[in-house]
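Across the two complexes that follow, chain A remains constant while its partner is chain B and subsequently chain C.
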Partner chain A sequence: MGQGRLGTAMETGARDGLLRRLREVVGEQYAFADPYEIRLYQYDASPETALPDIVVIPGSAPEVADVVRLCAQAGAPITARSGASSLAGGTVPVHGGVVITFPRMDRILEIDVDNLRAVVEPGVVNLALSHALKPYGYYYVPDPSSQGACTIGGNVATNAGGPHTLIYGVTVNHVTGLEVALPSGDLVQVGSQKAAETTGYDLTGLLVGSEGTMAIVTKIWVRIQPLPPVQKTLMAVYPDVESASNAVSAIVRTGILPAAIEMMDKLSIQAIEAASHAGYPLDAGAVLLLEVDAIPELAEELGQRMAQVCRENGATEVRIAKNDAERQALWKGRKGAFSAMGRLSPDFYVMDGVVPRTKLPETLAKIDAISVRTGYKICNVFHAGDGNLHPLVLFDAFKAGQYEAVLTIGDEILKLCADAGGSVTGEHGIGLEKRENIRYIFSDDDLEVMQRVRQVFDPHGLMNPGKLFPTDGLEPSPSVSAPSPARRQPMPAGQGEDLWV
Partner chain B sequence: MLDFKRQLSTHGVPTPVADIDMDLVRDCIHCGLCLPKCPTFRALHHEGDSPRGRMWQIKEASLGLVSFDDPRFQTHIYQCFNCRACETACPSGVQFGPVMEMARAKTPPQNRRDRLVRAVLLNGLLPHPRRLRIAGRLYRTARAIRLPELLRRSGAWKVMPLGKFAAFPPVGDTSPRQTPLAAVTPAAGERRGRVGLLTGCIQDEMFHGSNRRTVLALAKNGYDVVVPEERVCCGALASHAGEAKTAERLAAGTLDAFTRLNLDAVIVNAAGCGSNMKEYELQLRHDNQRREAGGAFAGRVKDASEFLVDRGLRPPTGHIRARVAYQDPCHLVHGQKIHQQPRQALKMIPGLELVEIVESDWCCGSAGVYNLTHPEIAEEALSWKVKHIIDSGAEIIASANPGCILQIGMGLQRAGKDIPVVHVMDLLGWAYGDETQRPPVVRRAMA
Partner chain C sequence: MGVNTRTEPVPGHQISVEVQRRLEVDGVLPAKVMRPTDAEDAARGLRLCDLTPAAVVVWGGGTQMRLGTPPRRYDVALSTERMTQVLEYEPADLTCRLQAGITVAELQRTLGEQGQRLPLDPPHPKRATVGGMIAANTSGLSRSRYGTVRDWVIGVAVAYPSGKVARAGGKVVKNVAGYDLMKLHIGALGTLGVVAEVNLKVQAQPQASATVLGHFEASSPAIEAGVKLSRQYLAPAAAIVLDRNALWACGLTADWSWTLALKLEGYAREVDAARDLAARSIREAGGRVEGQDIPSSFWDAARDWSVPDEPDAVLRAMVPLAAMPVLANAMPREGQAMVQPAAGVAEIRLPPALAGSALRRLRAAVGENSQVIVASAPPDAKTSLDVWGPPPPGFAIMRALKDALDPHGILNPGRFVGGI
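Entry: the complex of A and B
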């Protein structure tokens, strides 16, 4: 207990008792507390780590409900972890407790083309759903870059976006209903299954993006839509990010809203080319990737119009993908961009700021100035169409002080996004990483209201504690007593000494 | 117990152990894109049995946070197929195969079955040409006297060690005596060059006919084909299993044997061997005399389909009117990034209709000696494969690695399916006129 067992929070006796009960629910092999094995659930795709006490791999919704109820009874924090591709530390169990993971719940339960719905379990991989829909001529729209590994459950938790959400909207626009497990052990259904509209409170909208702080999703009704008849994909090359940014504004002014407008700067292009040979020119200052979805009669014309606007606004080269293989190559580069940074640097820290589109050139110039001042390389890969920036700061976690320095840089960048009238997250979620930065957007009063809403679902602050909210004074109010004082542990050094669940 | 980050920030970064290239380990940024492509993660659902989890364990072990000899480390590391599907999925360019081999070399497996396979097969049999020849003759004699039928009918295969492989053998040689390949087979038609052929260890004893048809295909394409006088084993199985010393010795022998022959290219028809030989620079990194030569040699190693198609395959004239599916061997598609050439070679056979199998680039569970050391998991992977093959409607399966051909052939026969599994070079050879060992399906398709 205490400082000796940083990261894990449960007393051995309480842990073993809970483990025994969990094993009765999911079976011996799917719940474990082995000190070696739990080390494999301390990380996600962010630089953060923290050890859980117990890992559970349930196989069905009723099992999840039982697991959540038992954890709540034992006063154990509960963190859901699915693809664990979170870039914001959303699945890292900072307060220890129980990690619930979903690789066994990866079934597509129903595909109902006529009603434009699919029903899935939370562990279904985003891309696997679109692959399954393809024979029907349909797909699931939100396409985060990690779509080959991230799951629909995780997408719901973070309200994930992706390049093609520019005209079609993010996860919340494509989820119509949810079945969730509450700490009480109840399985509850919110939203609508297949009807177009829902009545009363939009609880689906509330839960999407709640990052596991209210309930654990066990079933998801998603909207599906027909594959676009034709997709025209263009790559436009610019001497610098400023001219590319201006081109984006010009494109939007034409009134043709592309399905996606992506931008990559020089450093990103180099990493991407090393990784996937997407065909981006290595000497370009910036590359725009544009895509329009249209019926065949229109696609060619729209493609040409886009190309023309790009050229009029300073593009030195415009290339239109001639076939699906070329289109795939262009996208493969963009979608593998974050991971491709592994080629430039052992570690990177990715941010997810949003700015009004008109502020793009100014913001990018400021980020560049930060890079010059601090000496850390910063790559920019982002959804230019909706002003969602992903600056990546490159560093080496094995070198003392670098991570701390990078966190400061990240904070500065998010502050300038907020000051420009934007936000500190577009699609990755607040998670662990940005819980302090949320203050740049919301006042104490705003956060207090959010916290009260959360308490309706999670009165004892057990659901993914330590995420989403700043650490001081805004965790569950003192009037709420947690069932077991045993798990109240001070956070380890460096995480804020005053953090309580 | 501290988590990774806090351990490093509290106690500093430990000095990594020797023999592990920490830069290769740290290429992994734990983004998780590999997980849905990993067969053992699909089968076992545990992060520890995913590529990311294994890289993480190797990282922690290299820094001394966990022990290489920890039984749990061994379990997860040896439970890996080493199929390298994760490398194809990885945008960070992690060289998972080489890292896995380094990690395995640090900790020989402790369980009995694993040790037995290593002692008998990897160190006791494969590296020794004479013993291998005797074993090969025993194997072919057993087939000649119809032992497989006896095993099948009596049901004895179910209780016998390796029974399933003995009872459901592949299309291959059944005469105890073999006619050795000629030391030099001259090119037919306009001469385009001089190449060597790795006849391999298991490949040559169980699939001598495939070697013969590979020689035929090469000769028909204008290449003199040279076979080294002394049989060489490239060390792939040893290397993939982490038997580093044996692997290094065999690599040196292979390098020397082919270097003497002055060749334009060294042709390999076993994917596992080709993948290994293309990494000789790494294999021979401790061999000061051969390290550089290893890199140059690796550049001349070519898979048979890769070589023939890239140089322009001369179209065969024999018709094979059948639906054929190509099964990607992991060490070809993931290990060597060769995906198109075998398919293009097959498409050039008149009458052949190429169909695709769902998940053709997923491991069949053979995975070197994996189906011997971990039969349960291997069986699960095989069951996915068999189902997808049956669903594809293919009449013949073509592949390019002895392990896959053995494993999938066994799986299909056991499922009661008369779908022969053969080498791409078999089909090509038959289409070039070779008339031996054609299975009934092929005979009918060529009638």
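Entry: the complex of A and C
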């Protein structure tokens, strides 16, 4: 197994001293440095790896605060790791130090329907929260495709999105307050929590999406909302991605606000059909899945109107789900897209660029040109409604040079997203993976202000160092290495067929 | 760093006494004015002020200048009046990029031509600027349904005292690259930087809308009906509860003790269903559903009510939904009251002389997890009012952020929470 990056960085004596003190806080069995035990904590869902020096599993917020304070005193880097489904290497401890993980902090502390809030610990799995809310008729909106494995803490740190964030917004739009542990060892509550608003700077909004580089999140207040009465889903088939993209813009222009608009291109459709027989036509150039939330007396009408717009914009076939079984069938293909790629290729590299909706056709054409030029197949399965592309570059890590070639392709795709007025990440985060690409959209001046803000929280650069910012001038640059061929694209445990990106 | 230690002359343009008066803030007058034309221009101006150092108060439309504590110092008025361009607008992307000095009404007009809108309705849109809406975090009456300013701003370019312009966010609706510094500037009252350019998400105008009015003998059942509706899928776009005086101020002369006014928006069928639901809820709560003949200016007047032209004081309470009934019981009888039950906000307009005791009573009633602030008051009244109340949790971080981004404290010194 490739060790990947630098990782372990502490002197043995310093490490053992810190380990002893950490054990006094969390208990003997919840802090360890055994070379075999810590190996599990060197990777996440990205291809990168690096070993921590110590792993700690705190049981409460005050324990987290003590752990953070002890680490800061010892000058040890601190990396939070929750569901470890990061696709950007966010949890990989590139500078070694201490990994803090949250399986013991997975309690839903409160469901408060009266105030439309739930209060949770960071280790609560996203889907578990929505399951718990369902009996009350409510849900927590952001639904990353990894929702069976990722946690609310990780979602907050990455400002996670998902297919159904199109009208309702991403994580930050649903988080009203946080409790965080600062490197000083202080435990601070910020935000309006259960009230509508509060005074002062919006620290909650700032901390959401900060990828563990400012503070460790120990408690989260989230907004909950009533479940939609009906979800109307339809599939529209197009000869090519261009006409499908134009249909997306046309629907948006009609004033209908779909809850989700997802697109799959020809190659993805072929992979999906081979894996799950969702019923997408094999000769289709592109398939759109559209879903709208509505009251029962409106759902049919909206479905018909969307179908009409789809046809007017070149759909060769439109299928509206008549019941929940048909709806599930339509989604099944989309949800299985990720794992279906295994039918086409032993490895794939997932990307996360964003372009303005209207730039989808030309961007997809350029990605296709890159594929043709380089000879690497690229599938597109993505959140078309908000222009959030997920190109999947297919490769074989056993073949020398392929991983490096794929990284170059990824870089080129992100550059063209940025040039189209978009972003280098729509939901997965900058992490380790895109810390150089961030320069495509931000200048030195932009980054300098961000760095100053970071230092307010983390003056010594101990919170998840090596992430989010470019390396030059700011932090030492660990060396990049290829993923081990033996380790295929990891899947969160227990997931597979029902995952979608 | 008081006036006496200044070594350089104050930068900016000379102004007449008349202009000086117009740019007064809480009784303090500026010496000079700056009217930058773009972000870089604003940053250059700020740099000069930072070197002097000269204290800067940023001016948009001036509708929220009565918010906040009086400035500690005020040398230069930096006005965004020449920064009014729509820089980009692509209707099919549902996004736009603007200079911060554009008025909200002008923005809505531009969007309206394409059948779109920004679903925020800050008071006095013809004067209020987009930059001011961001700095003062004025979201309007529809916040429980459409969210607040923070939910619609997707990017900013900010001029800092360092003389640099720094951007955050971007043009696309989904973007997690870098820190979300937009959030820091929203509601910061211009104490961290001058928001010079703004990228917004926008939405299609609703297909239909309607108003339902219910009248009640007491405030609590009206408020509770509003709170209950907000927990439903067909939640109203805006719900307000007004006492008789506030109702009259909004142009309705009916003799009702308390009125629940509901604005319903959405697809036509949805609005029909929401109307039935609203009427049912009003009746179940013991209220009476009233006829539809309300003046078209009613919602505009309700929107502007919290920023009166009269020298009233306005108190604003922000509480959890479940605490709305407690709040209702603690509301002062004098003055006028408007409650937004679905948003957890209540506002009271009253003569300044009565504001102090009302403020203390409200603060005692709402308890922790809630805030009561003075949203507006004439300068002489402010000297005896605790405008912001106790500093919020996390204040030490806020202070440190201020020091990091405005090290010489030239931006709106003293106007914000905790003396920032």
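Note that in this section the second predicted complex is superposed on the first by the 453 of 501 C-alpha atoms of A that agree within 3 Å, B and C clash if a C-alpha of one lies under 4 Å from a C-alpha of the other, contacts with A are read in each partner's own complex, and residues count from 1 in each chain.
Operating definition for what follows: contacts are C-beta pairs under 8 Å (C-beta built on N, C-alpha and C of every residue); 3 or more make two chains touch, one makes a residue touch a chain.
If you're wondering where the values come from, they're calculated on a predicted model, not measured in any experiment.
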item	value
Which superposed partner A:L129 touches (first chain B, second chain C, both, neither)	neither
Partner with the higher number of touched chain A residues, chain C or chain B	C
First (chain B), second (chain C), both or neither touched by A:R104	first
Touched partner set for A:A275, first chain B, second chain C, both or neither	first
Which of chain B and chain C A:A33 touches, first, second, both or neither	neither
Which of chain B and chain C A:L364 touches, first, second, both or neither	neither
Where chain A meets both chain C and chain B, residue numbers	none
In the complex, chain B residues that touch chain A	1-6, 8-10, 12-13, 23, 26-37, 41, 45-48, 53, 56-57, 60, 65-66, 70, 72-73, 89-94
Contact footprint of chain A on chain C as seen in their complex	90-95, 115, 137, 143-144, 147-148, 150-151, 158, 160, 164-168, 170-184, 186-188, 192, 203-205, 207, 230-235, 267, 269-270, 273, 318-323, 343-345, 369-371, 373, 388-389, 391-395, 397-398, 400-401, 404-405, 416-418
Chain A to chain B touching residues, read off their complex	5-8, 30, 34-37, 39-45, 47-51, 57, 83-85, 101, 103-104, 125, 127-128, 146, 148-150, 274-276, 336-343, 346-348, 397-398, 400, 403, 492-494
Complex contacts: residues of chain A adjacent to chain C	112-117, 158-159, 161, 165, 169-170, 172-173, 182, 188-190, 192-206, 208-210, 226-229, 249, 252-257, 294-295, 297-298, 301-302, 354-358, 383, 386-388, 421-430, 434, 438, 441-443, 445-450, 452-457, 468
